[in-house]
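To keep things simple, chains are lettered A, B, C and D as they appear, and every chain counts its residues starting from 1.
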Amino acid sequence: MPMFRRIQVSLVAATAVIAGLATPALAQSGCELKIGSMGPMSGGGAQWGLAMDGAARMAAAEVNAEGGLKVGDRKCHVTVVAYDSKYTADGAAAGSNALAAEGIHFIIGPVGAPEATGIKPILGRNQQIAWNGSYAKDAVTTRYPLMFHLGPGPGGWADSVIKEALKHWKIQSVALIAPNDQGGTDIVTVDEVAYKDNGVKTTSEYYQRGTTNFAPIITRVLATNPDAVDTASSPPGDAGVIVKQLRLAGFKGPIGRNGGPGTEEILRVSGGMDVLKDFYWYAGPPDTPEARVIDADYKKLLGKDQTFGASLWGDLPGARMTLKAISVAGTIDDVQKVAEVLRHLPVDDPNLGKGVWSGQKQFGIAQELMYPFGVGIIKDGKEVGVTRVEPKL
Amino acid sequence: MDDKAVGLIRRLGGAEISAVLVFVISFAIPLLTKNVMIYSVLNQIMVGVVATFSVWIMLRMNLLSFATPAFMALGGYTVAIAGQYDISDAVVLTLASFAVPALVAIPLGALVLRLRGTYFVLVTFVLAQIMQLVLFVTPGLTGGSNGISGVPPVNLFGMDMMTNQQVLLFACGLALLATLITAALTRYFRRHFAAIEENDVLAESLGLVVWRYKALGFVISAGVAGLAGFSLVNMLLTAHPSSFDSIISVDFIAYSIIGGRVSILGPIVGTSLMVYATNLFGTHGQYAQGLYGVLILIVVLAARGGIVGSVTALLRRRRAA
Amino acid sequence: MSELRIEQLAKRFGGLRVFQDLSFTLQPGGLMGVIGPNGAGKTTLINVISGRQPPSGGKVFLGGRDVTGQPTHAISRLGIARSFQQTNTFRSVSVRENIARAVLFGRRGRPAGLDRLLQEFHLTERLDEQSDKLPYGLQKMLGLAMAYAIGPKVLLLDEPAAGLERGERAQIDAFVHHVRTHGGCSVLIVEHDMDLIRRLCPRILVLDAGNVLADGAPADVLARPDVIKAYLGAVDDEEDA
Amino acid sequence: MHQFLEAAIIGVGLGAQYALLALGFTLIFGILGVVNFAHGGFYMLGGYVAYTCVAGLGLAYPLAVVVAMLATAALGWLFELLLIEPLIDDHLATLMLSLGLYLIISTVVLAIFGPISMEFAFPVTGSFHAGSVYLPRENLIVLAVCLVAIACLWLVLFRTDLGRALRALADDRAVGMAQGLRPRLLFPLAFALATGLAGLTGALVTPILSLAPGVGEPVLATSFLTVILGGLGSLGGAALAAFIVGLVEAYTSVYFGGSIGALVLFVMVLLLLVFRPTGLLGRDVRGA
């Protein structure tokens, strides 16, 4: 009866793969604490995902160097599992599940707004704490209390950046340029409000992500004769090209970046200080000797240079605070308890200084870490310096 | 087994029956285990298989379609938008998520089915990109680049499908429905599709109305993709443009070719293997893509006709020996 | 009945004229041959009549009904079947399945004498073999059998003997005889094999440079000096373009 | 008015780049019947090879461009010979192979060079200004080189025996082979020619734009669009369509902005196909 046998065979073939999934998860030995890192680790935004991973690995290495994380009366060895969530909503959702399957309750990441959107609803199901570094309008909400935010977002800094820029230049109108997806539009809408509050007229221009030549967009933008152009949250590579092409087109006004780190890369891609000329930007954690210690420690602990710049500085406190909260709560399983401890931990990083739990005003929930940050100014091709802004609620 | 039963099975098709059985059995898995990894992978497989069926239906007629994400988006956004009007009845949503993309496919089909071969491939790719842009420029309806989040759970027979287990069970149900539709279509018209796949000039000269079957296949394929979109949105509780990026069609095509295009079991095997591999590789961070690429090379070079095709050929050879 | 009438048919590809002003009538049950040197437009003629290519001018009538420019499947369903120059079967499936598909798509049921035809070609004993595993000659006969299996009134044969061994060519005669007696078909043959044409066709049409050079009984036509000059000097077994 | 001129200048510049890419893409398709998903990967690779030559080996930039072209051509040649060749008639399989290769190329680049943009500047800077219209010098040079490359390609294809052989294979492989052309020799060569062009474009264009992993993806999409518009396998069509795409992209982006601009371009291509299903200069296509 060949027909019947064929059914059997094809059934076996089809179910084999599904059955193969049912292998039991790794058995745990001793006290081992696994934490996750998440973000785009390939493609366009890879540097941010890899910075998250670097931060998680550094925080883990710090406690391991002291013999492990003290949890109750045990010392736990901390390891990091990375997940490439590809800057997509489903990538992050799948990542949450994949990490949950390895018994991971604490995730450093994800990075992008789409990822944050995707992972938020699932954290409750999987009992996981996550730290997103996105600039999404709803980076944290009361509805998903296990989501924390590596702040500040544009809502926290934009006003200070604009006020600082206005001290150096007369800006009555600004054109903002950003990608047309959530990573762009969310920041631009926040920036627009901040500019208007400071009496600056705005126009916004969105481009298709993946655009490589910005000359047409720039021609369009310059037709409105803006006093300044703000590259908002355009990826640093894109922003560098935008700067270069703006200057080639003869634009003489100041160029801003009210949208996150990456100035070094912009400087490199655009062709240097002479091209950049007049530039103001949100500089992330201020470049202080204490912050620089992080780079030295990273090299000492992980045996290689950190190549993520200030991104790593910004991500590190989230990882450190998480481990601290686990230690204080004395549990590696009770996520609710860890979250509760975390919300009340004092915000004081050995390298970044004193900060606050912000977010109440913008999001209605104070789950955003905000440390001192800097506003950088380059004028006439010379770096004027970075002004330190203390966090305030 | 008596001759009548054998005849019936042969008429219905062994592979088709196996495929349906696989999904019937899959209902048991969420009831037997609580393992999050299995839930997660299985849920992705359930979504992926449905989307891959949509590609596979077109492959039955030798048409390689990149348009699946566009129709998935139509189905998914239909559900998300309905959710905003508090429509959460599972039956209504299932019908809508099938019907909306299928209806849109009718005029689109008239446009793109005139094209053959690689033109069809490239144009469907353009269609998927247009859909992305349409989402971006219609923030009022689709939430633009932010998508629509907080989609309410579907309501099946008065019960909200909220827990992980219920979501997965519902995904299994949608996959079973998609399998039934796909199996019924490709089995009932197997001769027509096979003739078009192999030699549409000859088929037409023998009197087959080729465009009619191509149109039918395209419309059903669009509807099935819509079901995949529904399943995905239901899993994420969010309809987001990044879920329907044109580039994900590459995954579904890879699933069906790696699994094998000759049998309906191909998409199932291909999707299961590749989704599993993706999850395995996902924790290898930046090397995930490369590992995926290597896997594609290996399967294409080592298993011509895909996995199911190769296994079938192997068995046939052994039987002949 | 199903008389095939061609009126002033013309076909151009861009500036290239394939044929023009072509008129003839094929009576129900009739049989005619079309000959001409390579590139005379013989295959294109079949393509245009069967709807595969649109004509640039002129009309095609079947049984008095204008079928010009109809799609291939429609013309096929109205009763005009064609065979192809190269072997043309569904290669990956069995002989049985090939025949079954032709019968299914033709939608007229199994035509009279189909099984006897298969027997005559010795295809009956190879029904379960995959069609592209058959010897070339048999594949060709299968292609012919499939054209007949849709139950046509008119059969257009495109170089049925091309590629066949001398010894196999008698099967073409048998096929033509069979479809005329059992199916009542009229047959139009495009062919290079002059023996075959002479043997079979009571009437032949000679095409040259897109025009009808001669039309009549083989004995008369083939004796004409212009026909000999235009065509017979260049007889060969090559397939035309 | 100056916006109008500006858009024209930008459009022609874009068109020249797109033409080099699309010519290679359509060459591979026309001759081998392979839809090359790795085309963007070769573009990216060209950029990185040139960068390595300049920054790592200290080569002069023009020399680096040549090296990049040769290196990508060599990789294309090997890829065709070793992987594509055995499966040449299975269009789906070759499509998947090129996709797999693309994923591997991007991963290798990411692993070696890291995720951030490279510091890779064009050796010539500055721009010509005429009133409010400007023309960057570097763009002018790239445009010139692109046009020269297109001209060279045209000479090779239409004035040499190799070119005649390649075109004969593209027209009809069976006839070409019957005439004694040897696909085993010519196919890898055609593939290498096309990937070399992509590498050349990458080496030329990435320094004036940016060089990072992921710059290959939009290249693939644009090549698709251009080739559809021009007519598959038609070299003249690809060149013509490249300039049309470049100009339409420039004008729509300047007058309607980024998102709408892209949408207009896509819809335009779709509409064209309604009226001319074989593209501007295409003929009937073989099945895929």
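In this section, a residue touches a chain if its C-beta (ideal position, glycine included) is under 8 Å from a C-beta of that chain, and two chains touch if they have at least 3 such contacts.
Bear in mind the structure is a predicted one, so any value in this text is a computation, not a measurement.
Trainee: What chain lies farthest away from chain B once each centre is taken as the mean of the Cα atoms?
Mentor: It is C whose centre lies farthest from that of chain B.
Trainee: Which chain pair shows the largest tally of C-beta contacts?
Mentor: By number of C-beta pairs in contact, the leading chain pair is A-B.
Trainee: List the centre-to-centre spacing of chain A and chain D in whole Å, with centres computed as mean CA coordinates.
Mentor: Here chain A and chain D have centroids separated by 34 Å.
Trainee: Between chain A and chain B, what is the separation of their C-alpha centroids in Å?
Mentor: Comparing mean C-alpha positions, chain B is 34 Å from chain A.
Trainee: Give, as an integer number of Å, the spacing between the C-alpha centres of chain C and chain A.
Mentor: Centre-to-centre distance between chain A and chain C: 71 Å.
Trainee: Distance between chain B and chain C based on Cα centroids, please, to the nearest Å.
Mentor: Computed from C-alpha means, the inter-chain centre distance equals 43 Å.
Trainee: Could you check chain D for residues that touch two or more other chains and list them?
Mentor: Residues 106-107, 110, 115, 217, 221, 259, 262 of chain D touch two or more partner chains.
Trainee: Enumerate the residues of chain A that touch no fewer than two other chains.
Mentor: Where chain A meets two or more other chains at a single residue, that happens at 42-43, 46, 50, 180, 206, 208.
Trainee: Return the residues of chain C touching two or more other chains; collapse runs of consecutive numbers into ranges.
Mentor: none
Trainee: Based on the touch definition given at the start, go ahead and assign the chain network to line, ring, star, complete or other.
Mentor: Here the contact pattern is something else, fitting no line, ring, star or complete shape.
Trainee: Please list each pair of chains that are touching.
Mentor: Here the touching chain pairs work out to A-B, A-D, B-C, B-D.
Trainee: Quick check: in the complex, which residue numbers of chain B touch chain D?
Mentor: Residues 59, 62, 64, 111-112, 114-123, 125-127, 129-130, 133-134, 136-137, 247, 250, 253-254, 257-258, 261, 286-287, 289-297, 300-301, 304.
Trainee: Show which residues of chain B lie in contact with chain C when the two form their complex.
Mentor: Touch list, chain B to chain C: 191-192, 194-195, 198-199, 201-210.
Trainee: Name, in rising order, each residue of chain A that touches chain B in their complex.
Mentor: Residues 1-4, 6-7, 9-11, 13-15, 17-18, 20-22, 25, 41-43, 46, 49-50, 53, 81-85, 87-90, 93-95, 97-102, 113-114, 117-118, 120-122, 125-126, 137, 143, 180-186, 206, 208 of chain A touch chain B in their complex.
Trainee: Any idea which chain B residues touch chain A in the complex?
Mentor: 1, 6, 9-10, 14-15, 17-19, 21-22, 25-26, 29, 33, 35-45, 133, 136, 144-147, 149-150, 163-164, 232, 235-238, 240-243, 245, 263, 265, 268-269, 272-273, 276, 278-279, 282-286, 288-289, 307-308, 311, 315, 319
Trainee: Note which residues of chain D are touching chain A in the complex, please.
Mentor: 3, 6-7, 10, 13-14, 106-107, 110, 114-119, 121, 125, 127, 129, 132, 134, 136, 205, 209-210, 212-215, 217-219, 221, 249-251, 253-255, 257-259, 261-262
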